[in-house]
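Multiple structures follow.
Each of the next two complexes has chain A plus one more chain, namely chain B in the first and chain C in the second.
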Partner chain A sequence: METVTITMKNPPALYLEADNVSPDAFAGKTAAQIGDLHVYEGNVTSTLGKYFEISGNAGATAADTKIVVKGDVKKVKYLGFKMSAGELVVEGSTDQYAGGWMTGGKMLVKGNVEAFAGTAMKGGELTIEGNAGNYLGAAYRGDWRGMTGGKILVKGNAGSDIGMYMLGGEMIINGNVDVHVCTHAEGGKVIIKGNAKTKIGGQMVDGTIFVFGTIDVMMPGFKPAGEVDMEVDGIKGKFAHYIGDTGERHKKKKGQIIYGNLYKKI
Partner chain B sequence: MTKTITDVICPFCGTLCDDVEVVVSDDGKQLLEVYNACVIGTEKFLHSQSKDRVTRPRMHQPDGTWKEISYDEAAEYSAQMLAKAKKPLMFGWSSTNCEAQSVGNEIAEITRACCDNTAATCHGTSLIAIQDIGLPSCTLGEIKNRADRVIFWGCNPAHAHPRHMSRYSIFPRGFFTSKGQMSRKMIVVDPRVTDTAKMADVHLQVEQGMDYELLDALRVAFKGEWLPDVVAGIPKEKIREVADMMKSGRFGIIFFGMGVTQSLGKNHNIDAAIAVTKDLNEYTKFSIMPMRGHYNVTGSGEVFGWQFGFPYAVDLTRGFARYNPGDTSTIDLLVRGEVDAMFTIGSDPGAHFPISAVKQFAHIPSVCVDPHLTPTTGVSKLHVPVAFNGVEVGGNCYRMDNVPIDCRKVVEPPEGMLTDEQFLIKVRDRVRQLKGVA
Partner chain C sequence: MSEYIIKNGNVFDPVQGIRGDKADVAIKDGKIVDKVGSGAKVIDAKGKTVMAGAVEIHAHIAGPKINMGRIYRPEDKLFTCTPTKGIERMGGGASIPTTFKTGYEYAKMGYTTAMEAAMPPLFSRHVHEEIRDTPIIDEGAYPVFGNNWFVLEYLKNQEIENTAAYCAWLLRVTKGYAIKLVNPGGTEAWAWGLNCLSVNDPVPYFDITPAEIIKGLIEANEYLGLPHSMHIHPNNLGNPGCYETTLDTLRLAEGYKAKNKFGREQVMHLTHSQFHSYGGTNWGDFESKAKEITDYVNKNKNITIDTGNVTLDETTTMTADGPFEHHLTGLNHLKWANIDVEVETGSGVVPYIYSPSISVCAIQWAIGLEIALMMKDPMRCYITTDHPNAGPFTRYPRVIKWLMSAKAREAQINAFKHKDKVLSQTSIGTLDREISLYELAQMTRAGPAKSLGLSGMCGGLKPGMDADIAVYNFNPDKPVANPEDIEKAFTRCAHVFKCGVEVITNGELISNGNKRTLWVNAKVKDNPQVMRDINEKFLKYYSMTQANYEALGHHFVPNPYALEVDATQV
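And then the complex of A and B:
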């Protein structure tokens, strides 16, 4: 695997849209060619090389390419956009749409990410060592297809509206989450190791949420359905089981109504 | 001698009353009296007559004073500012006519700006929900003639849309509602005991920020499923009673306002309210309508929608329209420091935005086009006063139910003053030259 390191040396006055920073876009290119890839600052199109120092050449394919992003990229959006293979490591924090629409490969952010990380993600692994913002793994605005596959791990906290319209895949939040989890979800699994607030699972059609900590207010559409012993992400425990959202539409399988599931550790 | 002009449209709130009468002086230069409009509408008409009105553009000087400049100089400054910016923001549009909005959109397209309207601080969240799950709606005329279940959720028309209840929603005697108020059941959902709530048959005093839970509980109740004993401070028996009351009507309407669009839950509250409306259509006929505030905020959404495909928070910087509130919405753009020029028209963000957003005005070039003196004109580098829309210039606007209505001009603006549209055309023509667009 070849490694390309890009280091921010000339930060933008506004924000950068760097939707070309992915193993897919870099694959088969030399450092100079990578420097010529487009980035956008507002309505001005310029090149990656204007803002970043680039060293190392990419591998022949995305799978053979690792990118390391150094320096202050807090004002850079779309890192890892649509990546399908290879690796991307962001040494610090970054802005919106980190790992958006990714279909494969591994992306690691050592700091925090802002809103819309993992938007409509289909596959691969997205790990955030700090905190994530709102709409993690959610659908893009107006779309009804959120995350459909892959895995997101957030070691810190996450914001609101995570997993909105989620259809598949898995999300683990080690910390706490804000309001609205898995709204309109029709599949997938979300594990919250910390606490949840209110409006969790609202309008959920299908899918599964686990909460290890507290839930401030339970949605009225979640009906108690007994207690179960389970092992979740390697942790054994007793969970209170709720099904819902009973106010929402649901599919039927073999004559049985399929509800979303919410498990709260007791 | 004076003249009375009838069938005048009130350009203040989204109710757009079309039965106002005004008395003007014989030469058509002075507006003397206003009939039929409510207090706030009357005030809007009379405000145009104030003697201390600013009638020429003014530049803020470094020492805090203002220097009068010509409209041509003002257009030059605005055009230069917009043409030079990497990410200009054009905000407002809700108190101007559709013709001016359309010219503004041309400028936004040439300069690749972000453009947004006052939905940013009121019904933008409704627009998000509408995109997510649709909107079964109707016109105010249908409500007047048919509605026997009227729900006001998080809105207080007694104060914000004073003639709404008398013209459309509660008191009028319509074709199928011949007993007026007696034909209708009125439900108000509001954490406060407002003057609207005092008139209601049922007032659900929902706990602050728990509207989403209450809406969900209603949906559960329609389906006859299990409910916890109390939801959002309301006992479950009451919720079931209200659910039955809604189901048993012949034609119902949910009006909702900023009490639900801007409280915790935001777009999800509206999403759930629309879902409630959809559910009710399995039993009877139900509609839902946002109580739009500014008289032509609806029109701005229509014009944005028609020209760019999205009703607010449109980002044209890449040469095509993108829409994702949170990224492309005005307050986020300002607070995050994403824009480098601000053009405001027909709105007063200085009074309504969070202070962290308003502070940004100080750091970037800014122009405010507004007939009034407002907190926004006060912090802008350039203030361009214009003729009053709907009083000194006519033009198209949209009522809250998306019905287009032509406003009427009733008096002449002060000598030499331009309208929004005339000023924007000057800016557009100059921007075209600067950007080399034919």
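And then the complex of A and C:
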């Protein structure tokens, strides 16, 4: 595997849309060619090389390419956009849409990410060592197709509206989350190791949420369905099971109505 | 203005009966002329296809429901934006493109005139602002009349003269082009939570039937002698078995003859026939009735139709047929917007994915093509996608490919997940007709122009007509190696002229032209009763005053082109 290191040298005045920072876009290119890839700063189209110092050449394919992003990229959006293979490591924090629409490979952010990380993600692994913003693994604005596959791990906290319109895949939040979890979800699994606030599973059609900590206010559309002993992400425990959202439409499978599931650790 | 001569192209012009002959087309002062001077700029069209600019007879491209779609579908712009480039402004959107992108895309495909198919009169100002911001192409808009309280009340008492006077007034104040009906009576019934699924279902409160509305508006249209005929989206759209309602609707035109000075011969235009040609009793036994519909239209020469081809894309459905959109959101569970327009009409918007792996969608695809292939007279059948309802207009080149190549159709049929169902529920597999370039020019130029009463102005290359010309990178003398070449050639023109101005060269925009708004100024005898009724309704029901209603002046209609109609002597 070849490694390309890009280091922020000339920070943008506006936010930078860097939808070409992915093993797929870099594959088969030399450092110079990578520097010529486009980025947008406001309504001006520019090149990656204007902002970043680039060292190392990419591998022949995305799978053979690792990218390391150094320096202050808090004002850079779309890192890892649509990546399908290979690796991407961001040493600091980054802005919105990190790992958005990714289909494979591994992306690691050592700092925090802003909103919309893992938007409409289909596959691969996205790990955030710090905190995640709002709309993690959600659908794009207006869309009804959120995360459908892959895995997101947040070691810190996450914001509000995570897993909105989630259809598949898995999300683990080691810390706490803000309001609205899995709104409109029709599949997938979200594990919250910390505390949750309100509107958990609102208008949820299908899918599963686990909360290890507290829930401030339960949705009135969820009703108790007993207690179960389970092992979740390697942790054994007793969980209170709720099904919902009973105010929403639900599919039927073999004559049985399929509900969304909410498990709260007792 | 500059002179041009387009030399040595293969010309297809049904207006003059030219079938691919090598000929020159000369342009002077915005018009097509017999000859030009030696200083004329030469466009080499050797080995290329030359046609008049295409004419769109039915698309939803300007106004509040399109904007509703744009507002509530930001995802339609995801990955479809194009940045500013030269004189081309930024654009975005796939099924509901921005106004600028709409103008550019039509022009790049060789379209130079387009009709917005449903203008809510109350929002005509909004419609005209969007038309104004859609560059290059000439546009008109059809106000909707089929659920309008004035029309329902006058027609209940069979007052054709009053209906005509009201229609003339509304066309004038909204700068409208034609009389459009959408689910006549049904959208008004929807305001009461009901619908009209047959032509005999009474409209609540008004106690009138769709059949009476349809016949009355045909009569009012011919009383006025408008350029276009009554243009109808019938009741019961999109339901299995709806073809019977469609046949009942078509039969209402029997006995009527066109009366106008524009050369139009039909009294009824049936739009997006694909959505109205369904048999079966449910989505399981859903089948094509394209044969029954086209058999009827083939025999009855006072009707024209357009196809409404399904393009197998993700799109945004939008119609003044409010109850249908509510029905659709119940089927696909995607987001629904509903709009009521006081006194006049309503509408709904729902995204839709025509998936090739769903048998109903594949059958709908086949029905649209069957209609075009079963219609004997291409001068009476026009290609549309009812943009964006059955697919975006930007897919016309793909529809043309399917119509011109049986091989391309076969490839698509083989790619369907439920191929057997498509073959058993339709007769698409038995049709080997391939539309010729001459027939294509009839279906996209001469035919729609004639149906719209514009045959003296556009849709042909006869000297004296507007110099609206499209040159395609398509050599009709060479066999088509790959059907994809057809789609490619019709996607981006080599040259496009709009009223003698070269607007597109090699698929790129070089001028924004001088777009016009087409509207119909129909004069009628003084009618104090109708004027009193209008005054009263504004005082009693409308939330705005008459003074704020009219679309007028440079802001809304900066470059008008009025077709004058005089019905004062009727």
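By our rule, the second predicted complex is superposed on the first by the 266 of 266 C-alpha atoms of A that agree within 3 Å, B and C clash if a C-alpha of one lies under 4 Å from a C-alpha of the other, contacts with A are read in each partner's own complex, and residues count from 1 in each chain.
Keep in mind that, in the parts below, a residue touches a chain if its C-beta (ideal position, glycine included) is under 8 Å from a C-beta of that chain, and two chains touch if they have at least 3 such contacts.
Computed from a predicted structure; not experimentally measured.
Participant: Could you check whether chain B and chain C clash or fit when both are placed on chain A?
Facilitator: clash
Participant: Looking at A:Gly42, would you say it contacts chain B, chain C, both, or neither? Reply first, second, both or neither.
Facilitator: first
Participant: First (chain B), second (chain C), both or neither: which does A:Arg141 touch?
Facilitator: So A:Arg141 meets both chain B and chain C here.
Participant: Can you tell me whether chain B or chain C touches more residues on chain A?
Facilitator: Comparing touch counts on chain A for chain B and chain C gives B.
Participant: Chain B: which of 61-69, 133-141 or 241-249 bumps into chain C?
Facilitator: 133-141
Participant: I'd like to check the shared interface: which positions of chain A are touched by both chain B and chain C across the two complexes?
Facilitator: After superposing on chain A, chain A residues 43, 140-142, 144 contact both chain B and chain C.
Participant: Could you pull out which chain C residues touch chain A in their complex?
Facilitator: Going by the criterion above, the answer is residues 72-76, 78, 83-84, 90, 333-335.
Participant: In the complex, go through chain A and note every residue touching chain C.
Facilitator: Result: residues 43, 45, 139-144, 249 of chain A touch chain C.
Participant: What part of chain A is in contact with chain B in the complex they form?
Facilitator: 13-15, 17, 40-44, 77, 96-97, 115-116, 134-135, 140-142, 144, 179-180, 183-184, 198-199, 202-203, 217-221, 223, 245-248
Participant: Provide the residue numbers of chain B that touch chain A in the complex, in ascending order.
Facilitator: For this pair, the touching residues of chain B are 85-87, 111-112, 128, 131-132, 209-210, 212-213, 216-220, 222-223, 225-228, 231, 264-265, 268, 271-272, 275, 279, 316-319, 323-327, 336-340.
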